[in-house]
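Labels run A, B and C following the written order; every chain starts at residue 1.
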Amino acid sequence: MTVTVDTTPPLPAEPGPIPEPFPAARKGFGIGEKAWAWIGVAPFFIFALMFLLIPTVYLVIGAFQDADGNFTLQNLGDLFTPNILAAYWISIKVSVASALLGALIGFFLAYAVVMGGLPAWLRPTLMTFSGVASNFAGLPLAFAFLATLGRTGLVTVLLREVFGFNLYSTGFNLLSFWGLTLTYLYFQIPLMVLIVTPALDGLKKEWREASEILGASTRQYWRMVALPILFPSVLGATLLLFANSFGAIATAYALTGSSLNIVTILLYAQIRGDVLHNQNLGYALALGMILITGLSNGTYIWLRARAERWMR
Amino acid sequence: MAFLQISDVRKQFAQNVVVKGFDLGIEQGEFISLLGPSGCGKTTVLRMVAGFEDPTAGRIIIDGKDVTPLRPNQRNVGMVFQAYALFPNMTVADNVAFGLKVAKRPDAEIKARVAEMLEMIKLPHLADRYPYQCSGGQQQRVALARALAHKPKVLLLDEPLSALDAKIRVSLREEIRALQRELGITTIFVTHDQEEALSMSDRIVVMNEGRVDQVGSPFEIYNNPATKFVASFVGTLSILKGKVLDPSARRIQIGQHEIVAGRGAINARPGEECTIALRPEAAKLANGQALNGHNKVGGTIEDVHFLGSVVRIKVRVQDNAIALDTFNDPSAVPPERGAPVTVSFTPADVLVLEGA
Amino acid sequence: MNPAQQSKIGAWIAFILGALYFIVPLIGTFEFSLRLKRDEYSFEAYRVVLTDPNFLSSFGYSTLMALITIVIGVVLVVPTAYWIQLRLPKLRPLVEFITLLPLVMPAIIIVFGYLRLYNSSSWIPLTANARSTDLLLAFSYVTLALPYMYRAVETGMRAIDVRTLTEAGEILGAGMPTILMKVIFPNVRVAILSGAFLTFAIVIGEFTMASLLNRPAFGPYLQLIGANRAYEPSALAIIAFLVTWACMGLINVVGSAKQTKRA
């Protein structure tokens, strides 16, 4: 899985009408080759429109309508209540923390295995495990952390019985910002490892040697050569990690019920039971989420364009 | 002591001895080629001079200073790599400036030096391009400028031409040699291409299986190969099997013919087999007017390769095949296959490789 | 000590700390899952779970959903990747953008859109009955799987020479459907299988979409057990981990089988 969350070229969203003049239709096909091609890709675009793009656009439009369908900015204004703002804030905090920590730790783990001179068998082991762990999210992950660090979890009990250390007396709580971040790291770190390992492989040995023989120290090599080259992929990975935890819901829901007020859980409750007592406020809530992911994506595209002038 | 002294250097990877004793003094300003097939240890020698590999034994001394324990970034040498290792995230100018920047030179000096280097490689108009926007030949010239910008004491070239097209390869090798002469920089050039080595070098070191087979000027290496390996690796050779008739008179029988071999020791006794070598350019078609004292052997034309300015003809003489080169003559059609011919060559052109 | 040795020790420390973080929760979960009987370790929790009819029905339902998702995904992605590669390379950036969209667009947004767009009073009332809601769920899973599926198939197609294979097929007189089914498809089978196993791993325990569409899938079942039981969730977590591991293992197996065949 390479993640190069990519740019958005303004191309026509629909296949559109088949381009007019068909150069002599080939034997055996009946209709022109391009026509086959457009017919071949049509289902994909229809699907993308119906089940990805239109539903999203529908929510965006709904955010600007009142119950009767008239245009209003009231819904957006209503987002600015302490409760809703707090939900966004916690979500952003957890996502930023788990993305940055996940990126940092994942990077060093990948670095250790690719360049740290560890035995060769560790690498496939780490990669396979990362494949598993990055997909081990949602409810089972929450169960695992409850069983480990919950009030009767293995680690909590061992610390108390063997070392006489009461984890929960330190203010630690799995159902908190740090608890959730620690749990999310379980899939964030492996995801980073999966993305950044190929990027580290892409660093040519000659670059390091060339910089070394030109007099550069290891530090100068990393600052002037390796990190700038890695920057776009690390940036893309970090963004993906952010989006990954920002949209997550199952883990948090199972860990905390609805005691931790993050925006996905608030939206979930709103969809199920209209807890905000305003249908269109739900749309606005969704719009806010779309804006945040959109914004982070936009920032990424902008930063990457700046960092990538040297690429084709 | 020579400017760059490589003293009895050995290199062993695990059980594998890659360089089995390498001893060479290189004078200041000299252009030395390490020539040999892949796996002969030439690149390892170069990488030990650069500091990327630590020698298992021996010492490397540059300008009177023992650099053996030094890291590559402390040695002040320049290097050009095979697959243009330009930093892809930097412009051409930034690449050239890299060595000066890490040495924290003043900006004005860096700017002037970069301009000077780009002028030197005749690419000042590419200063703001990124490597991917340059052709292979341009990238390799930039790599050369980058390696020279910080005024290294020694320039190391690791097969810098092998990734390039044939035409660019020839023009760039001339350019590199001209620059090297102009700057007077001591240079080690690693290649497996004998033509490159012969055309560029002051001296060539021919290596085989971790050992030095011969050190000498291109002229010596080509005309007086010290071993059978050197003879066969450098240039084209016809290797002929013969029988020694009279060692003292240096008479040898090739098929039905008797020839005199001018060079190489003959240790075999009469009646024993021996191997001799003949350069294609030394052999000529006799046309019945061979000079006295020249060796003559008769055979039939087996193959004619028209190579442009040169026509290479292969003549079958019983068990042996003799290759000979003649210049293209527009007024004369090359001989036909199967035609009987006489090949002549002087005794001095015949080298006995092993007489036993 | 030279720098290489220092960094090697650093690498070991990083690796061991990482390994601890990832292995301890698994041990903790496993230990917890054995605690159902008060005085002894037992597999009682697993017995309870595995004999629960709701477990079997919800797991079966999700398995079926995963299979439907994979089929729809393959039918959508393979021809698209093929035609993009062969005739419509200009559309590649757009297709890549669409296939990456689900990675950044939260699943809950997508399903929220469905609920409003395809509700029982809309012009396409997909949520009106159970069967069509199942279909909608499968479609939502296809969007989740799209990034992985498309990437796998596209990589597979780049590895083979689609153009030459197609032209070879044309010269032999095969029509487009035949070429696609008989020539292209078998050659990207490994890529499709990898994408399929990954899709399975993602879909099998999915919670948000199944829950909001109110379908009896494995995800909502997990949530229910998690909210009401003590030790069974740990057993389920271990089972889920093993399922994920099996999927990843199968990806490696089909991948290396292909390599040995080529070698």
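We take it that a contact is a pair of C-beta atoms (placed from the backbone, for glycine too) under 8 Å apart; a residue touches a chain by one contact, two chains touch by 3 or more.
Predicted model, so just to flag it, every value in this text is computed and none were measured.
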Chain pair that, of all pairs, has the most C-beta pairs in contact: A-C
Chain of greatest Cα-centre distance to subunit C: B
Per the C-alpha means, the centres of subunit A and subunit B lie apart by a whole-Å value of 55
Provide the C-alpha centroid distance between subunit A and subunit C, rounded to the nearest whole angstrom. 16
Contact residues on subunit B for subunit A in the complex? 50-52, 71-79, 81, 83, 85-91, 98-99, 101-103, 130-132, 143, 146-147, 150
Using the touch rule from the top, collect the residues of subunit A that touch subunit C in their complex. 1-3, 5-9, 11, 13, 26, 28-29, 33-34, 36-38, 40-41, 43-44, 47-48, 51-56, 58-59, 62, 105, 108-109, 111-113, 115-118, 122, 126, 128-129, 131-133, 135-136, 138-149, 152-155, 185-186, 189-190, 218, 239-240, 243-244, 246-247, 249-250, 253-254, 257, 264, 267-268, 271-272, 282-283, 286, 289-290, 293, 296-297
Interface residues, subunit C side, partner subunit A - complex: 3-4, 7-8, 10-12, 14-15, 18, 21-22, 24-29, 31-33, 75-77, 79-80, 82-84, 86-88, 90-91, 93-98, 100-110, 112-117, 139-140, 142-143, 147-148, 151, 170, 173, 175-176, 198, 201-202, 205-208, 211-212, 219, 222-223, 226-227, 233-234, 236-237, 240-241, 244-245, 247-249, 251-252
Within the complex, which stretch of subunit A touches subunit B? 204, 206-207, 209-217, 220, 224-225, 228-229, 309-312
